[in-house]
């Protein structure tokens, strides 16, 4: 039997809410899928849109972006700025043909350990079903003669 | 089968010396000893040093060809490649392509006095030729080195400067820009062109080798002219941006000259024939 | 050596079909939605026999991105993997004579001192079949740079159209001969006085030698600023040019391995000569425009005894602000 | 056209402006940007249906700035670009005046307010061809779109003509030129090209005046303008403000509203 495909998930999370939330998941001993690699950034405002593209081009099959709920930003408005950016970037991703089912956005507070586990599980399951995301990685070889 | 001219030698960093803020010297040994034995270069030549993953950067070979078994390079942390190089440790591997370019004509200088004028981070290209000349001391008559930097901390090769200062077969004049001195500074204070003017070396039977930031060169050349140096007796070395070092990529092209092939060493007479695109 | 044959239209098609069936990569001008492109050909019907492609056929021997070095990290060590030059047998079929001629201008740079095996291997494995131009446009000026619309220089086979249909094939090299062997049946002896479709008329507008001499004294002329005011400083001209040879070398790597890639570059781009320190020897667009002109029309002839331009006019057609090289050179040659 | 030439002559003779940037005769039937700096050269100025390029690109060029006050022959998109450049503090009111040719009539616009009022009266719509292309693309499946852009951007040679011709791409140091780290690959392979054009689209979202000059500049005719049109369209739809409408607008992507509405964040 062929080995089951295990997706590589990359999560870009803010330091103050989602990272703390993910920490809580662990300390609460909630089990969730281990496919995710968490990259901690100070704030969702710091999550450059190109990081999502970079994650895909370097081999991620799915990306999670998560930060503080609106009004909860440690820096007051970083997540509001991020939200605007995602609203535009997400549409653009779709427009250039990137499968949006592979990109998950969420707000997860420091108290929502269970939500983090559920989000990772859901996103990972969805990507597992979609299979490896070869299309983007293959692009890097197209054009080198 | 012809060689892949873009394939670098692999070099191991044998030693690292911090010269000045942001300025380091690597002593490099060939990872493949056989390549090292076959490797030859002449003073004035340069190479392309690569930090794998970041790219290649051009600097001169700062050691003398008379010192076998290794090469040295000195660089200032400025861009993508040099910052990556600056992060390397002893034992790390970097790439090196070379030697490329023309050479200082030591044979032609036999029996002459030499005066070296250098500023700041431009001593490394001259260091190679200074050591080369010192190692062939009886070829030349008087050897003088004038070296200046912005401040005492910015002087590179501090230990060697000390050693040169103690030698009686050469004269070393160090200077720092006004305000750059420290209480225990025993050298001169003033800009290099001015110090050269004070020193007033005789132009008769003398070759001047000048290397430094553009402004220093610009102001030193008239001083040398006034002292009577002919345009064929003043040498300098250019550092245009390069990608290949092989006379192909076109970056260093200035006038009909490819700095990587026809240079980097130019006499003032040759330089004046080029457009000022360097 | 030069042998002449007649090839009928049918013979022409069967030659292309025969080539396509081999291992060879058959490249040539093809009519695309947005103009002629150099692409892999499948049949003779696809070939655009007239008009200039947008991007030149330079990529056949000097591709826009090519791997020079490949490496892997092994702890503190680095291992270099051997990169073999691409030696796929290739036919550039149906190109314009200027494209064929342009390979020489690349050759002189890739071989004047150090030998570039990447270029040389590709060139050695490429057979060039050109078709004489019977049409030209306002941007063409091959006759001003020592060429003509039916120039055979650089071609292994030159095809010239017959009024009655079919071609006269002038087989110029052994490579050409070998290719023709693929379609022996298609070859007939040439007519005694071939009734060729006349080659395109391209009136000479300047004398290249005179231009070179003029340039010697025009370096500081205000002309360059005047001409380049509208220049946007992009690299379109260089990237479509069949003779522009300047390149960059760029590393692309992840944490385990990397490639050192050669990519096309352009002297018109500000970053071309810019140092990491911020110093830029050619800081102004006018200086960069002048470099482009001088490199091709003064430094090249001086250094490599050939002009770095074949007069194809691709740069002028590609320019978003209509920098017409022919016109600018005519001004400079005055 | 005579009116335009007379106006240019008047401005240059009086010394009101040092240069008139306009359209002149190019190769064949083409039109090209020209810089008229003396009154005796105004006859080189042309205006006809072929004059569509957005000349505002030149307003931020050092060589042009050094000349002094500029009069610029403007089509509607040029006016919008001037407003957007003004909003971003890239042009000063006293350094530029617009000679707008709108429906065949010449209008001299001396102030940003005048430009803004004029722009407000001009219907703002992209061409039917571009709209049709956008509709076609949005109707495609995601994998069809990926295939479309992979094929289109595979042709890209990274000549940066799109960037160079864009009035809003005036950055001295573009992201593409930053190499620590090398955020966008230099080599023009398909991935590097895609990333480049996505970054450009994102950086123009909220600033694009939808002139289409980038697409027109592309030597290999990639419809790169559709990417910026699309991103700008997203901003317009979601945040209700458009690039090049006013000198007083904040840049849509560097501000926010607490009630920005989306439905995808979980």
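For reference, chains read A, B, C and D in written order, and residue numbers begin at 1 within each chain.
We adopt the following convention: a contact is a pair of C-beta atoms (placed from the backbone, for glycine too) under 8 Å apart; a residue touches a chain by one contact, two chains touch by 3 or more.
On a predicted model such as this, the values are computed, not experimentally measured, just so you know.
S.K.: When contacts are scored as defined above, which chain pair ends up with more C-beta pairs, A-D or A-C?
M.R.: By number of C-beta pairs in contact, A-D is the larger.
S.K.: By CA centroid distance, what chain is farthest from chain B?
M.R.: A
S.K.: Centre to centre, by mean C-alpha position, how many angstrom separate chain C and chain D?
M.R.: Measuring from centre to centre gives 32 Å for this pair.
S.K.: Averaging over Cα atoms per chain, report the distance between chain A and chain C in Å.
M.R.: Inter-chain centre distance comes to 46 Å.
S.K.: Per the centroid of Cα atoms for each chain, what is the distance between chain B and chain D, given in Å?
M.R.: Measuring from centre to centre gives 47 Å for this pair.
S.K.: At which residue positions does chain D touch at least two other chains?
M.R.: Residues 182, 185, 187-189.
S.K.: Multi-chain contacts only, two chains or more: what residues does chain A have there?
M.R.: 143-144
S.K.: Can you list the residues of chain C that touch 2 or more other chains?
M.R.: In chain C, the residues touching two or more other chains are 64-65, 248, 250, 261.
S.K.: Can you name every pair of chains that touch?
M.R.: The list of touching pairs comes to A-C, A-D, B-C, B-D, C-D.
S.K.: Please give the residue numbers of chain C that touch chain A in the complex, ascending.
M.R.: Its residues touching chain A are 59, 63-67, 86, 254, 259, 261.
S.K.: What residues on chain A touch chain D, complex-wise?
M.R.: So the residues of chain A in touch with chain D come to 49-50, 53, 57, 70-71, 77, 80-81, 83-92, 94-100, 104-107, 119, 135-136, 139-144.
S.K.: Which residues of chain B touch chain C once you look at their complex with the stated criterion?
M.R.: For this pair, the touching residues of chain B are 1-8, 10, 31, 50, 52-56, 78-80, 82, 89, 91-93, 95, 214, 240-241, 243-244, 246-251, 253-256, 261, 275-278.
S.K.: Considering only the defined contacts, which chain A positions touch chain C in the complex?
M.R.: 58, 143-145
S.K.: Which of the residues in chain C come into contact with chain B in the complex?
M.R.: Interface residues on the chain C side: 68-69, 71, 73, 76-78, 80, 83, 85, 109-110, 112-118, 120, 219, 245-251, 253, 258, 260, 262, 265, 267, 272-277, 279, 281-282, 287, 291, 294-295, 298-299, 302-303.
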